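Before anything else, here's the structure in question.
In order of appearance the chains are A, B, C and D, and numbering begins at 1 in each one.
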């Protein structure tokens, strides 16, 4: 096979990122951005087909490997990356027409966007926990300048907090990684394989439990900062609210997932070493706390993107909780929820982005009657919101149903907290979004027609998953869930 | 255990202790320029300890690591920082949110915690330099504390870099180094991060006319 | 099942009700006049009034709707139905299954709703006022009446009026506190329902506290005649119901022709005494303020429920 | 024909969905949507109703759809209980859809195509709720129902208070749905089998059974409008367009009753006597509360909404009684009260839909919802007025229409409660009957007010003269529902024969033998000697008296009529203002039941040039329950937002402290 889909998947964003950093202001640059993202998605799809067909594989020695767990994330990432690129084209043009951006910054945006995609794909596919760390840090670095793209005081502040908090968080993760290496080295020797997950997972039962417990704490707090687990979440609302909307969409829809993915990989090792529910309990605790904290934060938000950022935190709490419970059903639900959250939340950010552009503000009280301005945006936002709030027949409900029922069965103590969090979140978000969508308004049309298709493609997928999960997808989730043990 | 500790181990332990001491010194230091110098000194101690480990174990990549440390942490980063301080006209005292004696006392507590946490791990270690893990953790924590207690953006960055030093100490001395790819990656990240920070400082100063982080407390709730 | 005597008895009971009802009203009025030291109107005065009213033209308000014109007939029909199912002479009423005691309450309710609506139809200040007050009295009296019926129905294990009467008539003469409570409650409800003194005054127009009269102010001619007749029928029906429930002796049972013949004089005697008692009670009581009426009826309700509880507590094993 | 009833119902749901989607092809074409799609939906509704009728008494059918969760595809099941409600849904929907075809005319705020989609989605989801046979399918259908009706409620979304009503509605619905889900979770008993069959197979301990029942009571109560989660109902019903209010009140509330019956009599498996008492108490409070508030409303749709709360209360009372009898294995009496419940569901669906649709016509003709600005509409709108009269009589629980039958059955059930082997209950239950009687009488008051003030009297506004009667589609819809109300009133025996299958399925007993014995015209659930009611005879007597009396009077005397000004005791300043206002009419209630209301009144003083009297009646629960909850949530929220104080140093400290705490505390 001459066409290595895997290499393509990583190289396309890398090369196009570099290319765009030189030529990002050309008139064809937006198209390149979209084409590159689409090509990434296609090759990711090809990779997926290959994995489904031939099973897990390694690449570049043993440094990269693709199994059913991460190939699913790769596809998802590439897909959302593509739709976000489509969405960002008119969005960024509008921003430029409004004078919020200069061509140089547009160039920075496109280049960094592609590089960011690349770092995430590397983080997802690497077999080396050290490289995973490096890629995670690189993902922060590529997005930090995107968050401050508008150069407004608020965006700078947000970017600064993002940089410092995530930097510190990731430093803790590095300490965890070192501890992990420390533990692994005693078994696997000082060869370069001691950080390779595929090797580690084979000897996970022999890893020293004390070290692994400590390592997992560091990794959880560290990567958890990036996931947005409370109380390390503080960077997240700022960065989401102040960055350009496409960045919010990918941060929320993808980066958080990738960070959680990193935790999951580590959890497998910790579980193997500890033979207790230590890791799971920690994750459940963080999950519940995150969910509750975020739910109560929601009620006091005024900025629409900030609110949905908290909603992302809330959902990360749910997902963390789900994975914390462990077992095939809960993990299945966790994966499903991650997918749904990515799709729906990015769709919401697309709609919100256009809405905010139309109304010239992100303050929710000033956004009214979206349905009247543009019915598709209005309905997109409304349906997206209802979907993210867990209303059936959207897929978020399916996963929440499974998580709740599983929790009721195995961790009944958690159920009231889950429900409280979900209920408060429902009340808070709906109260804010409903008047935004409905009612009267007199906003002017935008110079560049918004890209609505991604919103409805995402929501359509979420709807489908609520009613019917394609068998191959569910097999895939199941296999991934089985890998988590 | 009480038999003769090999010289290189003594050296490493000594250097680790120096690094910890420098960590305290940074915590107690009020002036920005001196802080950067202390950071460079810490980097140098780190370089030396890495070198000792490299010589002892003969692992090639540790030599590279040592070189990287020297270039990056002792020369390049302090130089960038100095330039920034000069260009941005940062002067005077580094005000803390908590006064220095209290901070050092808290730091002492942190060291105790770090040692306690690290003890069970150290006992498992096959390397003789196992004690350094506790010191590395303590260094990380002290740097963390510095970031929490300082008000200027630049001191936070120094704290951040000091934290990186602690991590590096853990990576080299306690485990005899991570795989080369990883170390290179980490170094690259630190470098890129530094560059981005440099860009950032100018942006921040343009916007706020100051690098005092209390200007950046507007995003709430 | 349905015997010829039954059918005849049924028709006779209805005819008797139609005929006797105005007489009962006349008798009560006469007694009242005597008790109040007034010169009494003739006993047959209600018949004269009806005859006169039927002769007169109907004068409708300009905006009176068809409902206004239908209502008297419907109300009259309801009262006829009520009289048909309340055993006055005999319990052998082929019509009785059409409505048991609960349905009887429904019949009165239906009539009440129509009269209240008719009162509101022309849209005068008095009409709506009357309608409102009628419904007020209604929702207070109806539950009390139902509770009375419940008590009796529990004794008889049936809600069929005929069965209740048969059962009650057959048991040995024991004093049931529950029946006493129920009887007092029933009396109070009957007074309220028939626009009698403590609650309403049938003899006055143009009083700010009037209820029944306020609703029928706009009626004239044959409509008014039907309404007056229906009011008489209602009084008759309530009297018969009360007599049947609390003094069931003398009411003929199925296939007992002799008793049927004897039943008429017994009924007449009972009605004469009952009417006199009504007049007496009306005389010795004073008309209440409208907002005392809830207290009055509340008391009735309380008594009825107490009767029911007493029945359950003391007599359930009897 | 090999099309099984259940398949035809699935087909019907799909057809409704297809009709809904069909509107999106020409979303702004009002004629296409209202003249073609809505009548099509009505025909499907009619078919659904007939399928429900036919499948009453036929064996249980099941089906599995290839959608849902991978481990839990949609299980569907059509049994007799579901069939009763399918019947209700279909026939009510037929009338309401026909009416809606003429109703949605101009500028109702929502694009016609979208409205059409929401409407038919609402219908389809209700059908799926009735068919669902596993927790996931049920929840999906249930929440879709909530969602589509939420959008329908906010059809005219330009008004702030309508949006607020929609919000409140969806919020309460969602909280209720969570409780229902929990209830299902408890009922699986930890076996993890979320099909209803799996739940039936579980034998729950009394404790967990009670938990499941209480959760279900709360959850379904939230949808039905049970106290204290009723607050959404009087807001949402007036906000929605009238056909939607009719559907919600007539049909959707019944799905909650269906759910409650399904859980308490079918799924839980055990019944404890005190469940019945709890349901009885909750139902009674709701009924009394609802009817009292109905009497004091000044908005015609709010009045009806509160009346719906009352009826739901009565239904829950009936369920309570059923459970009580069932727990003591007095199945015959349980069957009697269950029949009352089912019958009242059907009756209420008929007359309340009818009344809501009538308010819709009034609203269209006059653009007024406030009773204070209506009056005398029987003149310009005779059709609506006379049909509404039927609804009012049925709603007031008066013979010979539908409402009376169920009330009568319920009272009969009460009457035989002293057979209960529990002296305490023996005392309580008759007192409950008294409360039911009071409720029924008050309902009469409320509906007389409703009817009298809207349709009778003088017109309170001059513009009302131009009011027009309902159009042909609307008339057809109203006639259909009025016909149902009449049929339900006239033919109780026939219908109870059908309902027998449902009670027999749940309780093993039914009323059929008696009904067969005594003939179709007579309703005697126990024996004709003990209790009987023959509505046909009843009606015939009244009609005969009416005709005969009229004939006699005209023959013996004359039929002359003159017209003149109203007399009104000779008082000649009799403008429309002299009539009772809506507030005035309910004054006695406010006075007698004062503490039940939270009233704010403003009295004019003697010197006022333009004296104004206002009275505002609010719900105590709002102040006692909801606002405190909101305040607590707000307080927690403001407390927790301190986490995000804006200082990066503090943020770092959180991370640091978390780390250190975990290092110190967490041990594997």
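Operating definition for what follows: a contact is a pair of C-beta atoms (placed from the backbone, for glycine too) under 8 Å apart; a residue touches a chain by one contact, two chains touch by 3 or more.
Keep in mind the model is a prediction, meaning the values are calculated, not measured.
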Inset, instruction - Using mean Cα positions, find the chain sitting nearest the overall protein centre. - result: D
Legend entry - Per Cα centroids, the chain farthest from chain D: B
Inset, instruction - Could you please state the distance in Å, as a whole number, between where the Cα atoms of chain B are centred and where those of chain C are centred? - result: 100
Legend entry - Centre distance in Å when chain A and chain D are each reduced to the mean of their C-alpha atoms: 44
Legend entry - Distance between chain centroids, defined by C-alpha means - chain A, chain B (Å): 31
Legend entry - Distance between the centres, which are taken as Cα means, of chain C and chain A, whole angstrom: 78
Legend entry - chain A residues counted as touching two or more neighbouring chains: 160-161, 164, 168, 172, 210, 214, 237, 297, 300
Legend entry - Sequence positions of chain D contacting 2 or more other chains: 641, 644, 648, 652, 663
Inset, instruction - Would you please write down the residue numbers of chain C that are in contact with two or more other chains? - result: none
Inset, instruction - Kindly provide every pair of chains that touch. - result: A-B, A-D, B-D, C-D
Legend entry - Of chain A, residues touching chain D in the complex: 160-161, 164-165, 168-169, 172, 209-210, 213-214, 217-218, 220-221, 225, 230-232, 234-235, 237, 274, 276, 278, 282, 293, 296-297, 299-300, 329, 371, 375, 386, 389, 391-393, 397-398, 401-402, 404-405, 408-409, 415, 419, 422-424, 426-427, 430-431, 434-435, 438-440, 466-469, 471, 474, 478
Inset, instruction - Under the touch definition given earlier, write down the residues of chain C that touch chain D in their complex. - result: 54-55, 57-67, 70, 73-74, 76-78, 80-81, 84, 95-100, 102-103, 106-107, 109-110, 112-113, 116-117, 120-129, 131-133, 135-136, 138-140, 142-143, 146-147, 150, 153-154, 157-160, 163, 205-206, 217-218, 221-222, 226, 290-291, 294, 301, 304-305, 308-309, 312-313, 316
Inset, instruction - Under the touch definition given earlier, write down the residues of chain A that touch chain B in their complex. - result: 63, 128, 130-131, 133-134, 137-138, 141, 144-145, 148, 151-154, 156-161, 163-164, 167-168, 171-172, 174-175, 178-179, 181-182, 185-186, 190, 192, 194-195, 208, 210-211, 214, 237-238, 241-242, 297, 300-302, 306
Legend entry - Complex interface listing, chain B residues touching chain D: 97, 110, 113, 117, 141, 144-145, 147-151, 156, 213-214, 216-221
Inset, instruction - Flag every residue of chain D that touches chain B in the complex, lowest number first. - result: 641, 644-649, 652-653, 656, 660, 663-664
